[in-house]
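The following blocks contain the structures, represented as structure tokens.
In the two complexes below, chain A is the common chain; its partner is chain B in one and chain C in the other.
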Partner chain A sequence: MIDTPSVDWLALSPTLALLGASAVALLVAVLLPAWMRKGVAAGATFLGFALAAVLAGVVYEDTPRPEALLANSMYRDRLAALAAVVLAVIGAVVVLVSWAERRRDNHGEYYALLAAAGAGMVFFVGAGNLMTLFLGLEWFSISLYVLVALDTDRATSLEAGLKYLIVGGFGSAVLLFGSALVYGATGELGFSQIAAAEAGQDAFLVAGLAMILAGLAFKVSAAPFHMWTPDVYQGAPTSVTAFMSAATKTAALVLTLRLLVTAFPEESEIWTVAVAVIASVSMVWGNLAALAQRDVKRLLAYSSIAQAGFMLIGVAAYSERGGEALLYYLVVYSAMSVGAFAVVAVRERELAKPVTLEGLAGLGWERPLYGLALWVFMLGFAGFPLTGGIFAKLFVFSAAYDSGDWWLVLLGVAATAVSLAYYLNVVRWLYMRTAAGTPLVAVGGSPPHDPAVGVAVAACAVVTVGSFFVVQPILDLASEAVDSLPF
Partner chain B sequence: MLTTALILLPVAGALVVAAFPLPRTATAGLAFLVALMEVGLWIVAASRFDFDDGGLQLGTSREWVESLGISYSVGFYGFSLWLTGATVVVSAAAIGYALWIGRDRPRAYYALMLLLTGAVVATFAAQDLLLFYVSFEAMLIPLYVLVGVWGGARRMAATLTFVVYTMAGSLLMLAAVVAFGVTQGTFSLVDSGTSDNVWIFLGFAIAFAIKAPLFPFHGWLPLSYREAPVEVSAVLSGIVSKTAIYGFLRIAIPKFPEPADDLAVLVLVLAGAGLVYGSLLAFRAADLRGIVAYSSMAQMGLITLGIFAFDDLGLDGAVLQSVAHALVSASMFLLVGMVERRCGTGELDALGGMARGRPVLATVLLTTGIIALAVPGSATFAGEFLIMAGVYDQGWGYAAIVALGIVLAAMYVLRLISAALHVRPGSAVRDEALDLRPGELALVLPMILVLLVLSAWPALVSQSSFPGDRAARAVAKNYAASGGRAFIGSDLIFVIHPAVGARPAGPHP
Partner chain C sequence: MNGPGIGWYVIVAAILFATGAMGVMLRRSPLIVLLSLEIMLNAGNLTLVAFSRQAGNLDGQIFALAVMAVAAGEVAVGLGLIVAMARRRLALDVDQASALRG
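And then the complex of A and B:
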């Protein structure tokens, strides 16, 4: 009789809920008649995400102290649970954004892949050793490669999928190589075992750490590992872009924090500098490049690179306060990013062509609520008050100042000043230029009424503004989540 | 609670105005009503305020972000209550003006104006550094759109320069806020101590200098004041600029006594230069708005001279002058708008001779102008005299510059009056252009009446701004006698002593 390992099903339940939803959606694609597929698949996926969020919430509640599961390959702790809640909510909102996507076919596949990617991310943020890390990374990445290329009738979508596949594959390979070097140096795969091996600043270990960091930076889309981001964000279906920009970043940043703090505390002098440099380059390059963009999705892509830079400041601070700042920032950023891409999706469906800045002309007057929402998101990205964006920036800057990185504060402030130029430019196009003054091609009739995306945008706006007023509860959640890391 | 109500009433009004699709006049009327209710609320607040008490009053405090020591903490000192009073009056007049001329896109317009009012009041009431920063920034959001959508032909350039300048300052301030708050462990202005870090002081001072604006940070001023809708210019120059004064009085000086003292000469010289330079520019300006805009810059230099005199007379004068200038400048801008509506232009070359057949316009413009040029007996004269007397201790040269400023003010104001009202009839002035209508008169007259009351009784403001200072004067004299230097102002008292360094003297004796 072989002992079966005891499995903590509750800890795995969010992942399993999403996998279940994915399976249902996939079966729908082959078993149900065409007219039912979209509704059932979307419904199942939405329920899957909602269930995953609830289950992750239960895990958060039930896990006062971190536990290592399945031979230290996974963690059950509040950090993973909180990240899972955020990821699942992002997924549910993205389902709403996707509902009115003009797609002739592949509904079942789309939702199945979305749920599968979500499952992979939820698994990924709980990874406890380099093997599960790589497994989770590939799991959600492969789902995303297909999702990006799903609109096979658009050449840009296929191009984006191919680019993402090649660059992402390269990133994964670098990460895998780095893992091998770390294993070679320490003989361990588990994060805490790597730290316990006390390999010091062994050359192989440091090289491996650098390569793992580079591999994760690809997923975070931090400069200089961001080259794929603008093209992929622009080419992918907009709802997929919304999902990637929020969920991939959340997953990758949370795992970066966990890995660096848990596995490499001894090398912190090296990686804090490295992360600070990556953050600086991202802020500078992302903001400068965004200035030159005309396509709104591309603009938001560069903005997301810059935002990744701001969030990495929280990692570089290497303190509990930095971790809390990162988690708070992620909540606000996810809401703003999904919301902004959702408004772009609405406009795209209305114009039936890619949205440029000219395409936004007059949106603020024609569609006051979407205009107002996009305004709020832009102000949030820029760190204006009445949005959580200001506290997000304040917290990362405070954490950096606390850790003595005052130069990061100054650089961040300067980068914010630059970013205003393009964020406010969007507002300018929304309100101060009217469609009458620009050659705007209207497509026949009024656009389809789509309450689902309206709800999604409203939810994102509520989170963006609400996180300004209700700060302490979010920080408390973040603080308890960060407590599960060995600072 | 009253303070919170003062902040939230306009914000709630903005939400209501924006949410309900009422007809244009109903929207405007509702917004105007809210603005008048705000004035009424301020009167209630003032009636409950003990002007003999130098401490914080009408205060409320609630935790906001405990882990960083950030709180929603508001309240008023004597001087900030007066600044708030000017705010509610000016914004009611501005909203009334917009109602009178019927701004288009009314729901958005009035919502933004009310939001702006709420943000300015919140700035004056803020007793938490982060709340102050948030309110200070929040003013920018409505202003950006107000200028950008309803402004003149070059509004795009105006919004861009305005935002670039002010945000550069604000972000410097954000860095300073972070540094100060993290070092102190709290963002509360009441609980935090002082700092001697010059760099943090500079972060604040430059932000305020841009907002005011002070020479040489005035690059955004001419374009914004010219291109903004005229009632927005009134709000900008009348009250938004005063948030910088509040910042100096509540943050930059009390929290950084030593750097403020060390750099006082620099600030005084720049403020004096701004006073003279702004006055000369106003004298040379080719249009009505240019004159009022540059005169506003000159007046901000003058007020800053009063603040950095570090003397109770100078401080009292600075607050009195701030309140008077808010009303004068707003009245002037509204009158300029009324003239521009009649003539289609503000170019001085095309104007002239409007006094003939338009007695009300002539009388009102002349009265406002005479108060603006600080004729003896006016509120502005009292303010400028106090500033001059206060700054005399810092060196007679500064007092001479203030005197020069008064002379130059007479020159540019008289030039404005004669160019608009007198000389030969200008090409743009048509005979059928009407005199001031009763509605227009009703907007300007209350502000002028308040100015006349302040002219008769300037001590109403100047005595009650920093009521602790007379009691503390004896203490200060003692320090001064022992070779120290003292700076006084109710419970913002700080005694600067070369031997001991800066230390708060606590509540006044």
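And then the complex of A and C:
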């Protein structure tokens, strides 16, 4: 008689809720008449994300100490639960942003893939061995490849999808080969078992660690593994870009922290340096390249590369404070990123063409609230007070300083100073008077009033500003989450 | 263990991986690029199976089976994209896909 493993359904429930939503949305595309599809699919997906957030919150409350599930392949702990809450809230907000997106009749597929990608990410952040890591990564990546290319009537969407598939597939293959080498060196796949194993062939272990780190850096879109990011962010449907920029980074960064701290504590001298180098290259390259951009989505893509660099400082610090700083940064960054792309989506629907800086001109006068929101997000990215952006940067810098990486702090401050130029440039364009007589009305007339995206932008702005005033509660949550890692 | 030592398996896998990586970087047809990605993934599989034999547990073999399923999914999406591009009469050439740049 073989023992059947007992399955902790509560720990898996956020993933299952999203998979359920995905299945409903997919069936909707087949079974319901065309006019009902969008409403039902979007509703089901929104409910799925909301339910996943609630369930993940229950798991957080219910898990004072970390547990390993299913033959150590998954972790049930507060880090995974907190990340799942953040991911599910991002997903729910993105559903609101997507509502008014003009698309052919593929609403069912779109929402099904969005929920599936969310499910993959929620699964991924709880991964406990190299196999679940790879499976989770591919799960959400393959969903995202299709989502990016979903506007098949736009050549740029297809091009972005193909590029993402090729570069993403390359990154996954590198990660897989690295996992195989680590397995070869230790004979184990589980994170904590890898840490406990006597590393036999040290060269394999270090080479494998380097390749895994490179594979994850592709997903975090940290330089020098970022080359796909601007093209894909620009070519993808804007709501998908919003989701990718916030959720993929959250999932990949949380897992990077978990993997490095849990599986490779012995090699920390190597990987802290490697992560610090990746972080500094990202900050420098992202910020410098962003200065030259005219297309707003491209500019935000380079900005996201630079922000990934700032967040990786928290990982490189290799301390509890660094982990807390990373989680706080992720909450603030996700809100700013989704919000900024949502405003870009609004403008794009209005102009019916890609938004350049010139395309933003006058937005601050025509739509004062959206303009104000974008202003808040840009100031937040740049790290101004009255947004959580300032504490996010301060926390990662102080964590780096505590760990002795003072040069990262200097570089970070310099990079922040450079970034002011393009963030404030966006704000300047917002309030630029349009050239006399240039009508900024869309080709097909103004799009219908869309309260859903308004709610989404407002929610993002509230989190961005609110995180400045309620720092301590967020930090407490983050600190309890980080406690589940063996620092 | 009978047969060649573990080192040979790793060498073959490394050659496969390098072949695949060069294919992804140098070839222009997206079909060949997808094929090269498969070769890279299979290099990982070969390593996993070889090390699984060495370590005396089955974790690596189970991993390799899962990777095969995932690779099939990835290729299905890739082929779907290529078909969609061919239908729109876009050039099936990675170097010419350069509408997005800056």
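Definition applied: the second predicted complex is superposed on the first by the 466 of 487 C-alpha atoms of A that agree within 3 Å, B and C clash if a C-alpha of one lies under 4 Å from a C-alpha of the other, contacts with A are read in each partner's own complex, and residues count from 1 in each chain.
As a convention for this text, contacts are C-beta pairs under 8 Å (C-beta built on N, C-alpha and C of every residue); 3 or more make two chains touch, one makes a residue touch a chain.
As the structure is a prediction and not an experimental result, all values here were calculated from the model.
Once the two complexes are laid over each other on the shared chain, residue contacts for A:170 go to chain C alone; chain B is not touched. In the superposition on chain A, contact of A:406 is made with chain B only, not with chain C. In the superposition on chain A, A:472 contacts chain B only, with no contact to chain C.
By the touch criterion defined above, A:397 lies against chain B but remains apart from chain C after alignment on the C-alpha atoms of chain A. Once the two complexes are laid over each other on the shared chain, residue contacts for A:231 go to chain C alone; chain B is not touched.
More chain A residues lie in contact with C than with the other chain of the pair chain B and chain C. Residue contacts after overlaying the shared chain place A:184 against chain C, while chain B stays out of touching range. Residue contacts after overlaying the shared chain place A:32 against neither chain B nor chain C.
Counting contacts as defined above, no chain A residue meets chain B in one complex and chain C in the other. Against chain C, in their complex, chain A makes its touches with residues 130-131, 134-135, 138, 142, 145-146, 149, 152-153, 155-156, 158-163, 165-166, 169-170, 172-174, 176-177, 179-181, 183-184, 187-189, 230-231, 234-235, 292-295, 298. By the touch rule above, chain B contacts chain A in their complex via residues 63-68, 70, 105, 130, 133-135, 137-138, 140-141, 144-145, 148-149, 155-156, 159, 163-164, 167-168, 171-172, 174-175, 177-179, 181-182. The touching residues of chain C, when paired with chain A in their complex, are 6, 10, 13, 17, 20-21, 24, 30, 33-34, 37, 40-41, 43-45, 47-48, 50-52, 54-57, 59-60, 62-63, 66-67, 70, 73-74, 77-78, 80-82, 84-85, 88, 90, 94, 97, 99-102. Chain A contributes residues 324, 365, 379, 383-386, 390-391, 393-395, 397-398, 401-402, 406, 409-410, 413-414, 416-417, 420-421, 424, 427-428, 431-432, 471-472, 475, 479 to its touches with chain B in the complex.
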